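Remarks on the structure that follows.
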């Protein structure tokens, strides 16, 4: 595994949707006198597969429980280190300045907003976590049957955000954090009720193979009130144990 | 005048100059190796462009730098027998033979494919690709290909190389018939003084 | 043997790739000919531009396609209002993405073959009465068939495998733009779907082995193995 | 002109691509020669295998690399315990991914050129006393330089642009595996970073225009334009 | 016996048979175009493999199907002058000339590059690429290249084509000197009866 060197912080594998917040957290940790953690961002799926094949890393932050669950039985996680780092919510967005009134319980208000050609951008509802939460909400609200063939399923949630940002689709479903990151180009026009989808939690764990002395300390920092405040600033909700 | 050739041509840094006229239908072109015979034939066929000059063959003006005339090769209708054959490698012998023929109006043709093949004894080669031909076989196909295009004049670059004496003699007779019966102007390059003596009414010597 | 979903994906992938290659072939050949036979100002620039889709990450290419051919893009707008052609979120857009990604591979292979055609043969053809164009059609074109086939196979393989530009430009819509690589990617995002992914990957492989076989048969048929080379 | 981060990314991308191409060139040429000059059982299979990285989506290729060269993979395990070489999460792994993605392009271009070398010249060389190998080295090899250069340029461009297999196999680690495309991708995930992304994309383009220019100069230098073709 | 040639060879579906012995150092090989002369030379040089037979030249056994002997071309040391020259297009004339020479031990060489060049009058061509040579120039380079490799015997396929009479005469004299002074066995293909009469001590006729 990577030789722990005194001037290099732990290697953190993090879901892409955490990019700004994680970089911010790593910076603050560094400011308080620690070597700066190295953060690699990719899809949670990609990161989990890498871990399953022996990737040498110190921390893993997944965008959903499934992928964290997939690495846990392999004995890859340090016992007792798994915790929910943050929560998130999903929202309906439109390009800035296009403030349609949407009634979340009425599919015709969606179809009206979409027009006859427009599509609803979201991360792939079949595979990507953000899309799966979105689909669950739409089903729960009884909208899915009318909207399922109006979806533009994107590679990941940020690609869905991009489609709305550039005005290629009139509506999109993204995390609240994504909407916050692009607040100058998109508007949140509705928030999906927290009860309409499984809870959105980002689990974090220290890896069993980690020999970095800072790994556990950095985890604790992220979960500390100071760490949590950083995430909340970026639009996440504080993590809660289920 | 069947041949009025006045031209200067740049080749590899050298300037080639030719000023010759010939009233002989079959005119020989001789000179030591490397003097520029093949280059001249290319100029006459329109395959390279002389620096300047005037070329008229059989009374037809093909090139005149002063008046800007420069007929493209396909309008000159030169029947060129290249020193290196240049058969089309992807076409069978038959398709090579008919390549130029098909581009010629039927009433201009003066020999059929069958006649040409039996004359050159290449019927058995029609289905072959050029890469399988012997030296002399390829030569005969090249001769047949040029003649079947019913050219208005002939440029022959050592046409008899690789041919055995019997075949060479037959082809010499064919050339004489073309000269006498069809009355086509022929410029004939050869290193063989006997061939030249026998055929040509006039000889252009390059030195 | 295949499920209905798999059939849809296969049919779509084939349609996208075949349309992409068929439409790109003439353009690729024309570009290859220009690069092989002409010199003109800006030749190197053109050469570089053709290579761009190879160098720029596919996702960026997809993003540029979005900017150009999207609803609000210059060309997209024009195509939509003038010709009624929509590319966004359509299989036609996937074909465009595949075509652009395949182009550099096709041009290079064809160019190599055209450069190898001996100009003396063209001279011979001209002297036999062939116009420039006729000589091109009967000499250059058939003699560069090895390059055309190599280019087509490379291009087809590349199209069948195209992912990044496609998903970015036309999204991942089942039945419309979910080609084999997109379906495979989708599978990879779901824990424990290795079986389904493996099936789809094997189908991709089979398709391009098929294309290879086809090109080899064409090569033989054209009688090239022995005679041209 | 460039920030320190950009320099790191550029240097890494160059290192990865150059190492990938340098190591792959001989292998690609050997494969091209085999395919061009020999017939043997399983030739078509080999040909198909070489094309795989083109057809299979890069992400799947990355996943297969993970299976093979990961810590638990057969080869990965052997390399690590026997030779002490780790590929996972290392720039060497990125170079391996780039090499594999570039291979099919290199082989095809080289193969076309080798097929065009006239065997009669090899006969002439042999009759002059050249062994099989000497004839190969002095005739086939130099006469196929156009294909080698074309293959190297295509392969280099492809390596510089490689994304999917890389991020899947060696992740996106700043300073170690974050090459230009990965940096661009990372930038694309951040709204409002169009400027940074554009800069990086332009750098990619400049690098491969550089490679093209270099290959054209090499072509001229080898005196080929006029004489070989 | 300088030449003991007994072989059958399959070519394009036809079977070629040759049974000939010659005690003449310079032996002619004649026959009509397409009969198989070039194919035989290739068998002797080791460039194609006869179906079976026995080939011995200058007392050295080169091929014997019954005992499985088949020397590879580079060990036969045939100096082949190919009907189609086969100059290496990517090498300058000088490199073409020295290609085989460099593969020969210095003490085996019997002529220097300078002597050969001045004899063939090709000094001014040394820096050229073959594609820029005229027919006769290429022919001379091909002859020089074969001789500079200090071959153990010579196979000449119509070596004098494309050469003007003066040069042809010089090369004929060179061939005679090689025969008389170096005593190398030479198999000489030509369609020119005079050349054959003048040079060869014995003629193998193929029919």
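As written, the chains take the letters A, B, C, D and E, and residue 1 is the first residue of each chain.
The rule is short, and it goes like this: a contact is a pair of C-beta atoms (placed from the backbone, for glycine too) under 8 Å apart; a residue touches a chain by one contact, two chains touch by 3 or more.
All values reported here derive from a predicted model rather than from experimental measurement.
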*Enumerate, in label order, the chains that touch chain B and chain D alike.*
C, E
*Which pairing of chains accounts for the highest number of C-beta contacts?*
C-D
*So which chain is the furthest away from chain E, centre to centre on CA atoms?*
A
*Interchain centroid distance [CA atoms averaged], chain B/chain E, Å*: 30
_Taking the mean of the CA coordinates per chain, how far is chain A from chain C in Å?_
36
*Measure off the straight-line distance from the CA centroid of chain A to the CA centroid of chain E, and report it in whole Å.*
79
_Approximate Å spacing (C-alpha centroids) for the pair chain D, chain E_ = 45
*asked:* Where in chain B do residues touch at least two different other chains?
replied: 84
*Residues of chain C whose C-beta touches two or more other chains*: 59, 63, 185, 188
*For chain A, which residues are shared contacts with two or more other chains?*
49, 162
*Determine which chains touch and list them pairwise.*
A-C, A-D, B-C, B-E, C-D, D-E
*asked:* Which stretch or stretches of chain A touch chain D in the complex?
replied: 2, 11, 13, 16, 19-20, 38-42, 46-47, 49-50, 53-57, 156, 158, 161-162, 165, 178, 181-182, 184-185
*So in the complex, which bits of chain D are touching chain C?*
44, 47-48, 51-52, 54-60, 63, 104-105, 108-109, 111-113, 115-116, 146-147, 150, 153-154, 157-158, 160-161, 163-164, 180-181, 184-185, 188, 197, 201, 204-205, 207-209, 212-213, 216, 229
_Complex interface listing, chain D residues touching chain A_ = 59, 63, 66-67, 70-73, 76, 86, 88-89, 167-169, 171-175, 177-178, 186, 188-192
*Where on chain C is chain B touching in the complex?*
120-121, 123-132, 134, 138-139, 142-143, 223-224, 226-228
_Going by the contact rule set out above, which residues of chain E touch chain D in the complex?_
42, 45-47, 72-74, 76-80, 82, 84, 86, 88-90, 99-100, 103-104, 129, 131, 145-146, 149
